[in-house]
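Next come two complexes built around chain A: one with chain B, the other with chain C.
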Partner chain A sequence: MWYRILLNRLILAAVTLLGVAVVVFVLVRVVPGDPVAMMIAPGASEADIAALRARYGLDLPVPQQFMVWIKGILAGDFGTSFSLRQGVVGLVLGRIPATLELAGLALAIATALGTSIAVAATLARGRWLEALIDNVNGLVLAVPDFIWALVFVLVLGVLWPVLPISGRVDPRLNLDLATNFYLLEALLTGKIKLVGHLITHMIMPAMALALPLAAIIARVMKGTLQEAMVQDYILLARIKGFSRLRIVLQEAMRNALVPVLSLTGVQFTFLVGGTVIVERIFSYPGIGNMAIDAVINRDLPLIQGLVLAFAVLFILINLAVDLITIVLNPRLRHG
Partner chain B sequence: MRRPLLDIEGLSARNAAGQPVLRGVSLMMGPGEVHGLVGQSGAGKTSIAKAILGILPRAVTLTGGSIRFDGLELAGADTSTLDKLLGTDIALIPQDPLTALNPSRRIGAQLTDALRLKAGFSKHAAMTKAKSLLEEVHLSDTARILRAYPHELSGGMRQRVLIASAFALNPRLIIADEPTSALDVTVQKQILRLIRRLQRDHETAVLFVTHDLGVVAQICDDVTVLFSGAVVEQTSVHRLFRQPLHAYTRALIAANPRYDQPGASLRPISAEVIETTLKGISA
Partner chain C sequence: MADLAQAPLPGTFSRILREPRAVAGGAFILFVIFCAVFAPLIAPHDPLEQDLLLEKIPPAWQKGSEAGYLLGTDGLGRDLLSRLIHGAQVSMIVAFVAGTLACLLGTILGLLAGFFGGWVDAVISRLVDIWMSFPPVLLSILLVAVLGSGLHSVIVAIVVIDWTRFCRVVRTETMAQTKLEYVDSAVTLGMPRARILIREILPNVLPVILVLLSLEMGIAVIVEAILSFVGLSVSTDTPTWGGMIAEGREVIYHAWWVLVFPLIALFLTVLAFNQLGDGLRNALDPALRR
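Right, the complex of A and B next:
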């Protein structure tokens, strides 16, 4: 049954990616802005412009350009960046680890924070603490990630400068790492000092991305937890004399988790989308930051490659959510 | 009677609207006795059970009386006092086996958690004990059941699991809250017999909440008949059916379907009986 789900998803993913490819390809060619104009020095002759246009295949009709691009992709070649003069694959793969680590850290923070808040609010049911949590949560929910990013920069970077406000690592630092997954590799090889260094750079963008998601997780999980808390099996657990905290974590959490999980999956894709602007604010070298540069430079192949990378990421996130849902809900396993 | 195990005296409770839910209910149970608590829905049977377990809904407040379990006051007791008793000395067999088991935890985990937490069993010892508990409630293929999720078992099997769970730590008092009303008739009989046998083997006192006098006749020693939160009659089961004293009890008996007399018509409880009973209570 696992392989059937996977096969299904694979076919669906292929169709989705083709759709995304068509849309982004047409879109970047329809919007105003000529990539060739960005590449060439002012005052170039018509002949020079035409020659450059022909060199990048931009003189062909759009459907034909598309076929050339797709053929290249099937052969593993996503084209060459106009602005950086390097292969798109290498550029994107080199930057993806930075974004994945940032988004992963943000997700971990959001999950931990959201879950703790939801459990605390459930335990505080009917007391003033519950009202306080609800109100603060509502406030956090209303503030978008980039506002948090600016607030953090202002408070912790400028007014009380305790954290670095830019980049992933100190450029003077001599990194001795084999992969671009700096944080993961540092963790796995036990370079505790480097982990700390990376975290000080990542914590502000990660918190900015995490806070809205944490608030959503907290709100939804509190609802599902309270729904679970009135079930008969919870009552029976209370009659077994278990503590409230144990009942919430052991009996209610798992049943409350399924709706939260599917929502977190959707929201996490928004979080990944949010990396674009937040990475920009913190000059964090991920694919989001790269995407903004690519758009400014009218770097068509790079834009297309980055959009496809985001699409693959979203598909993988959704697949992971579905698989985890099946693991959590035993009734779905024999479907 | 020996020293009472459960001694409820003058227990009164009101709901949020100020209406009485319980009106001075008194009830006494010795160790190892089976006491039936009968009445129509809304008579206060379940409120008494919940008051003992400390799980009355927020809207219902106790206004007087006492609940002593082996001399210890439970009415208004703090959570830690209750938590020590619940599960070990007092257990519950719930009404609906379909909703009383956690759908996402294996039977084995749900059956062993009290053993491990409240009685300090090791994981392995708890599993062995769980197996023998399942055998005691006549479930075979225990290894499979311990690994199963609730949705993989039938209603009757789940109720057996819950009964095994209630008897797990050999409590002195079990509250059975209409444990057969969600099951079909053939399974009901087996479950009743099972509770009766386990109760005798373990010498457990059982407070049996039910609206079914047939069930009372099968399983109980004594019975308390409730009406609108008040005790209208309290006697032995034997006497209850032979010479019911109260008009309401007589009406209740007449309204009970008898499977041994098919075709016999049922007599609904008349408004007159209800009215005179109500008057008697408020007087």
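Right, the complex of A and C next:
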């Protein structure tokens, strides 16, 4: 039963990816202006243009163009960025770790913060603290990451300058790392000082991304926790004399896990989407920041590569959520 | 028949007025609209007028301020208050035009899918599913890349991405309404189906649509601000809050106020649309009340 669901999801993922590929292909071809004209140096001869057209298969009928394009992509050939004059694959792969680490840190913060708030509100049920938490939560939900990011820059970067407001590392620093996963590698190799340095750069953008998600997690988790708190098995646990905190964390939380997880999965894709603007505000060198430059420069090969990279990321997130849901859901696991 | 369907409406307005969040949100938005419409009359200076002798003057209550420049000036010596007032124009145009168009498109498709069901519903629902499987960020990157920058692209992008928000909810709501007795009665009375849809069902779905519209306008304001922040909205000689924020980001260490005031304006406007939406939801839609 569960493997059938999994197979289903894998097929769906493949179809979605193909759909994104088709949309990218079509949109890039309806761009006003000839893509070849944009690529070629001024003063190129007719023969040069024709050669370039042939190289990109632009002289073929559209369905065949699509096949040529897909074949190129499957072989890892995304072309060369117009504006950066480098291979798209290398550019995108070089930048992805920065975005993944930022999004991962934001997710960790959002989960920890959201859970704490939900537990606190459940324990404070019916008191003024619950009302306060609900109101603050509502306000946080209404404010998008874009505004949070700028508020952080202003407050913690300028008015009370405790954190750096741009970049991923101090450029003067000699990193001496083997991969682009700076934070992960520093953690694994025990470079504690570097971890601290990286965190000071990442904490503000990560918080800006995390706050709206934390508020959503808190709201939904609080709802399911409070639902669980009136069930018989909780009453039993209370009669047994368990502390309220232990009841909430051990008993009620089990109920809240699956709905909160599937919600977090969906919302996490929005968070990854939010990295585009938040990376921009903090001049953080990830694929989001790169995507904005690519759009400003109308760098079509790079845009294609980045959009497909984002699409793969979103699909993988959804797949992971599906997998974890199957693992956590006993009805599916034992079916 | 029509009287029955519209019976809940007369008390509606007073119910909205009793909802403090709706009133506060609505009042603030009216204020912003007023600023946008009468910007040339109320702005103390020309928003584009540069005066390099007056650059980065702090707001009136700070040391070194200059009479006539209440909120100070930016890095090019332009009056911030005037730019803020003029910047309301782009925000309100995008909020109302993009919001309304997304609402119209989504509502029409949602009404059709919910009322007719069958293959109409199947086609529209599938379309919504496919549409929503594309994360909004990807679509907007692609759309702006294809359409180029400018106000029309911003509006098109918002409509193309956000119509599904309306379509999904309106479809569900219409379906629920279609199953109610008053629709059966109308059918029995021989009313044409188009008339039932517009005269009987639409008024009952309208409250939900208004709530969504208010929230959507807030989203539209933010999207426009983000796109002008990165320079993909209107050209830089039109003042926009997002553009002002970008300029403020540049001079943040020398003149914090250049960033702060447009940020506050943006924050309050988005919050106002949000509060208006929540207030309307409480006042109009018992089913959505918590």
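Heads up, the rule we're going with is that the second predicted complex is superposed on the first by the 288 of 335 C-alpha atoms of A that agree within 3 Å, B and C clash if a C-alpha of one lies under 4 Å from a C-alpha of the other, contacts with A are read in each partner's own complex, and residues count from 1 in each chain.
Heads up, the rule we're going with is that a residue touches a chain if its C-beta (ideal position, glycine included) is under 8 Å from a C-beta of that chain, and two chains touch if they have at least 3 such contacts.
Since the model is a prediction, treat every value here as computed from it, not as a measurement.
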| item | value |
| --- | --- |
| Overlay on chain A: chain C relative to chain B, clash or fit | fit |
| First, second, both or neither for A:I277, with chain B first and chain C second | second |
| Angular separation of chain B and chain C about chain A, which is computed from CA centres of the superposed model and rounded to the nearest 10 ° | 90 |
| Contacts of A:R95 with chain B and chain C, given as first, second, both or neither | neither |
| Chain B versus chain C as contact partner of A:G241, first or second or both or neither | first |
| Partner chain in contact with A:H197 - chain B first, chain C second, else both or neither | neither |
| Touched partner set for A:Q231, first chain B, second chain C, both or neither | first |
| Touched partner set for A:R168, first chain B, second chain C, both or neither | neither |
| Which partner, chain B or chain C, touches more chain A residues | C |
| Partner chain(s) touched by A:K222 [first = chain B, second = chain C, both, neither] | neither |
| Nearest-approach distance, in Å, of chain C Cα atoms to those of chain B in the combined model | 21 |
| Interface residues of chain A shared between complexes with chain B and chain C | none |
| List of chain C residues in touch with chain A within their complex | 130, 133-138, 141-146, 148, 218, 222, 225-226, 229-232, 245, 249, 252-253, 256, 259-260, 263, 266-267, 270-271, 274-275, 278 |
| Sites on chain B touched by chain A in the complex | 53, 55, 58, 82-88, 90-92, 94, 96, 99-105, 113-114, 117-118, 149, 151, 162 |
| Footprint of chain C on chain A - complex, ascending | 16, 19-20, 23-24, 27-28, 30-32, 138-139, 142-144, 146-147, 150-151, 153-154, 157-159, 165, 269-270, 272-274, 276-277, 280-281, 291-292, 294-296, 298, 300, 303, 306-307, 310-311, 314 |
| Chain B partner contacts - residues on chain A that touch it in the complex | 126, 231-233, 235-243, 246, 250-251, 254-255, 328-331 |
